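Here come two complexes built around chain A, the first alongside chain B, the second alongside chain C.
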Partner chain A sequence: MLGYIVRRILATIPVMGVVALFVFSLLYIAPGDPAAVIAGDQATPADVERIRQSLGLDRPFLVRFGEWFFRILQGDMGTSIFTNLPVWTMIRQRIEPTLSLMIVTLILAIVVAVPMGVVAAWKAGSWIDRLIMAFAVFGFSVPVFVVAYILAYVFALELEWLPVQGYTPLSEGLWPWLENLILPAIALGCVYIALIARITRATMLEVLSQDYIKTARAKGMGQSGILFIHALKNAAVPIVTVIGIGIAFLIGGAIVTESVFVIPGLGRLTIDAILRRDYPVIQGVVLLFSFVYVFVNLAVDVLYTLIDPRIRY
Partner chain B sequence: MNAPALAAPAPQDLAVAPDLPDIFPAAKPRGRVWGFVRRHPAIAVGGALVLLMLLMALLAPYLWTVDPTTLATHRRTREPSAAYWFGTDMLGRDIYSRVLFGARVSLIVGFSVALLASLAGLVIGIVSGFIRWADAVIMRIMDGLMSIPPILLAVALMALTRGSVGNVILAITIAEVPRVARLVRGVVLSLREQPYVDAAVAAGTRTPMIMLRHILPNTLAPLTVQATYICASAMIIEAILSFIGAGVPPTVPSWGNIMAEGRALWQVKPYIVFIPAVFLSVTVLAVNLLGDGLRDALDPRMAKEV
Partner chain C sequence: MDRRTLLKGMAGAGVLAGTRGFPAPALAQGAAARTLKFVPQANLANFDPIWGTQYVVRNAAALVWDTLYGFDDKLQPQRQMVESEEVTDDGLTWTFKLRQGLKFHDGEPVRAKDAVASLTRWSARDPLGLMLKAIQKELTAVDDRTFKWVLSKPYPKMQLALAKNSTPMAFIMPERIAKTDPFKQIDEYVGSGPMKFVKNEWVPGAKAVFEKNPDYVPRDEPASWLAGGKRMMVDRIEWIIMPDPGTASAALQNGEVDWWENPISDLVPVLRRSRNVAVDIADPLGNIGTFRMNHLHPPFNDVRARRAVLMAMDQEEYMRALVGDDNSLWKPLPGFFTPGTPLYNEEGGEILKGKRDIAGAKKLLAESGYTNQPVTCVVAQDQPITKGQGDVTAELLKRIGMNVDFVATDWGTTGQRRAQKSPPGQGGWAMFHSWHAGSDCINPAVYIAIRAQGDGAWFGWPNVPEVEKEVTAWFDAKNLEEEKAAARRLNKAALDNVVYAPTGFFLTYQAWRKNVAGVGKGPIPFFWGVSKTA
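Entry: the complex of A and B
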């Protein structure tokens, strides 16, 4: 098992290498002179020359990649072209709202979606199953910013239950913090809930047809005991895997959700960076999110080799 | 219960069974269309809606629209009325016309990405599934690309180029290809173990021929299903890109652009945001329904999975 975990961790190295190479070469696969691309349309030749030198464009590609990668490993992501602040400082200033949003969404999605999937599987074929599955199709189809606007319109503008937009740091109290995150988290969670509910239902259906479930029923075990103790525990691995993979939806959706609810997080930073063509910032954000995604999925894989005795490599 | 007993004349005190045709009236020959709708409701509903959107996009100039880019400052932000069915936006442009022409962008992007990503994924997947030494390299690259969330990948690519419909298609295609390649590779790897492939190898069939004759046809069903989902996902990503200002240029009417323009005013004029939102959601829903229907129809085994 230890061997598997070590191999699994080693396998992420080439993946992160490819990500780093891709992120680094973003600048160079664009047609034209990268320095001119960064400088934009209104740049003077002097500006272009300054950027060219700061990027070190006169040296070979692989040498530059190596140096850049080495600096990244030391935690230096470069300097923003627009603000001249270190990229890592800018990311650190914006990370709390995004992290808060993603964690609240994650908790909300798991708490809502897993019971939904369990009930749908338990009552398979009934109206409640159909209703939950119809919701899942809608959750996949209605884009996150549409859900966001509908929620903001109904619950913030019309009913005035919750704030329309903005973010309050956690340091100013739990409720003010949560109050601003409820609507964004529901909007962002929709796709995620649909995804988790569907996989939960599918795996639960498979588990519920197993012999040990019949045995549990035969020995007179209660319905909820069967569902949550025997079945859900055995269905956990695919569900947890999908929760890990679904982080990609959370990251992509967070950019848009933050934009609708005017949350000053990494999404806002990304959008500003794109509009200003602030490449070091774009590279930093993409790298960070990809690292989080790879790391979460690595953690998920390692976790269930530890908790599920059936998995032996 | 046997034939002679039935053939014997019925005793008079026994009720005689009525003629069979009375109990089971001959099934009315249903139209083939209706039969199809009954068997595959998701395909029928989804397909009909997609067709409707296609027609709407194609016939946009003839559906009582005006030039969607005409500015008219004297009639800014009019509420929906008989003259302006969906109202006008901040620059006085007719939203009804913009929404109808906007369907073109969404559909072109959705279909093009589905087609291009499927083709590229198919080639990469088959090569990777068949050629051992290439597999390791290709799959590491695909794994790397897959670990960048698709929206972020498309956003990063769009930051490189000028906004245009072609670039949006290219960026989303690159973001979607790894998933298709993985799917095709998985199918190919399982097909390679099939006896008929062994038989073909034993018979001396060349590898390209095996790929073309024996592998390719069997990947088409799962690929078609995947392509519909990619189409839906591409339309959402296009709208998101345009919405955050990294998609098609603002001069082109697209649903994402209309929503982006309505954003500043959405608390007072919510219809500017909500009307394109409804069109986008219905179209994506239709394509997803089509995908679910195709999945159930083409491969019943896949219906159990997500």
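Entry: the complex of A and C
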């Protein structure tokens, strides 16, 4: 197993290299000019050109890529064109809010969606099943920002239970941290809950029709024991897979959620950087997201072996 | 640690931290009243007011750095850091003396050499600074509080240049910072203004924090825009960046922020209904919408095609697209200067008045030799002002028989594409939309968009010697009457040759909590004199 993990980690290096080349090339051919954005609307064309030169944006592709890649190998992500701050500093400022949002969303989604899926499978065909599946369709269909606005209106503006926006670091207390994350996590988690609930139901239905479940019932085992001990454990591999894949959804959804709820996370950093063509920041963030995604895939593969001892690498 | 201990610890932390819903202790209430939470118009992505000339940077910079002169609300330059000035009879030598007691945030006194270095950096980037630099013989410190500027030609608009609030403003920085290449960013934010910038709390895209400068010595006169005594009534100002207007609106209503610089007009009715929120016009000088044409390539290289657009253009359609049904927010603008300011005039503006002449426009367009080639309209969709104007333009151009190539894009791409001088079919463009703050359109000194010096002009590169002649006449004017006469001729020449097409004059709102007092109107959110009760 250890050898497998080391091999997988080593395999991420060429993957990250390809991602780096891809990201750099995409940005190079994409339209837009950070110099024009920096110069502002009152600048003359000559001003814009001077800024382009000072940023080194007039140099050839290979020279710029070579320099950037060499720096990345040394662990230096460069400096933001706009803020003049190191990219890593900017990412570090933003990791905690995004990570917090993702963790709370993930916990919320698993705690809500897995029991929903199990119950829907258990009561397949009943009104409870239909109700849960109707919610799942709703969760899939309604955009994150619509859910976000409705939640903010009801729970922040009307009921005044929770704040509309902002983020408080965990170091300032558990509740201040959590109260800023509840509404964003629900908004972001809706799609995720729907996805996990559906896959849990489908997998559970398949497992519940297996002979060993009938045997357990014949032996007089209670319903909850059958569902949560025998069935759910055997249905867990596809569920864990979907949870892993869903982290990519979370990263994408976090961009919208962070904008609506004014959470200073990586999603907003990405959007701001794209709109301003802040190339070093875009490159740094995309590389980080790629790394996270590769790492999550690895973690999911390792989890398989814990859930299903038959799986060996 | 076992599970039970962990849960106990978490519950304890929750109880200790969960103070929401309980009255805050008196000390905390006082702290809240001394902190003003402000939602600016845009993200403070950089903080060098010479390198980055966005309005949001200038607005933040006005808190941290001071200027030698400042505009008052009558658009007159007033002394700010300067105690006195002398100009020789031939107008060639200006000698400035700094006020006593001025200190930078690092405790160092403001010296004449700091002003010299700052003006040197500023004059490399600012249009008026460049004019000064072109006639500069010497800019030197005489002693710690005195410096002189020797010119080869009189420059009567000196105080205006040093006071103006168009970007980049002539902010005074310590010499070591001001010596930075003007095309590179500074990374130390030390000024002598009424607030200090808290760099370690700056999260670009999310938050910027300013704290009161206890050493600031305000002038004795009452504050008026950028002039007079800038007395801070709060200890801390937090800028909270909110890209989503819906969230900003909700946060203001909920009391999570105190002042919102630019609520969109769609949300104003909601804010007006909130009993705790006040709404008013932000800046009486407003903004001017612009339809900028490329003078280098067909069809708009022919003045008849440009005039055809003016003949058919209905400014009300443009303004409705921007401000909706609120008639108090817009005015037709048959001219280029900001309404309500001394140089405003309508000379030559008949073409923009009365019933629109579509048939006449079609005829004029045909005379210009237009042969149905695509007209590349570059329209940024992520800016409501450009998007709204762009939609109207697409219809307008189709109505007069043009073949519209509508390029829907974002502001960053527009910024790049409009700098291309190549023909529209080869990556260039035929027209784009923008807007200018009214305070940047009050006279030719600050009005870069009206200039028509060809290659050196703003995007579109109009080359109209007649316009430039009147700009020079305005600079040389000896009194306001001469200035007004030059402005009238300039307005006519710019309209006859269609340097650009003004789409109208429009105002925007600002909104604040009613427990905040002293919010004024102007081109910059002025924080001095603004107070807050808990």
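Criterion: the second predicted complex is superposed on the first by the 251 of 313 C-alpha atoms of A that agree within 3 Å, B and C clash if a C-alpha of one lies under 4 Å from a C-alpha of the other, contacts with A are read in each partner's own complex, and residues count from 1 in each chain.
The criterion applied here is as follows: a residue touches a chain if its C-beta (ideal position, glycine included) is under 8 Å from a C-beta of that chain, and two chains touch if they have at least 3 such contacts.
Everything numeric here is computed off the predicted structure, so don't read it as measured data.
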In the overlay, answer first, second, both or neither for which of chain B and chain C A:Glu179 touches. second
Using the touch definition from the top, say if A:Val294 reaches chain B (first), chain C (second), both or neither. first
With the two structures laid over each other on chain A, which partner does A:Tyr153 touch: chain B (first), chain C (second), both, or neither? both
Which partner chains sit in contact with A:Arg277 here, chain B, chain C, both or neither? Use first/second/both/neither. both
Tell me which partner A:Val302 touches in the superposition: chain B (first), chain C (second), both or neither. neither
Touching A:Leu131 in the superposition: chain B (first), chain C (second), both, neither? neither
Which partner does A:Gly253 reach: the first (chain B), the second (chain C), both, or neither? first
Just chain B (first), just chain C (second), both, or neither: which does A:Leu195 touch? first
Counting only touches as set out at the top, which of chain B and chain C does A:Val112 meet: first, second, both, neither? neither
Can you give me the overlap between the chain B contact set and the chain C contact set on chain A? 31, 37, 149, 153, 157, 164, 259-260, 271, 275, 277
Which chain A residues qualify as touching chain B in the complex? 14-19, 21-23, 26-27, 29-31, 37, 137-138, 140-146, 149-150, 153, 157, 164, 195, 198-199, 202, 205-206, 242, 247-249, 251-253, 255-256, 259-260, 270-271, 273-275, 277, 279, 282, 285-286, 289-290, 293-294, 297
Chain C - residues contacting chain A, complex: 10, 13-14, 16-18, 20, 43, 45-46, 48, 51-55, 125, 127, 166-167, 181, 183-187, 203-207, 240-244, 246-247, 250-251, 253-254, 256, 382, 409-413, 415-419, 421, 434, 436, 440, 448, 455-459, 461
Report the residues of chain B in contact with chain A in the complex, numbered from low to high. 140-141, 143-145, 147-153, 155-161, 232, 236, 239-240, 243-246, 259, 263, 266-267, 270, 273-274, 277, 280-281, 284-285, 288-289, 292, 304-306
Per the touch rule, the chain A residues reaching chain C in their complex are 31-34, 36-51, 53-54, 80, 82-85, 90, 93-94, 149, 152-153, 156-157, 160, 163-166, 172-179, 259-262, 264, 268-269, 271-272, 275-278
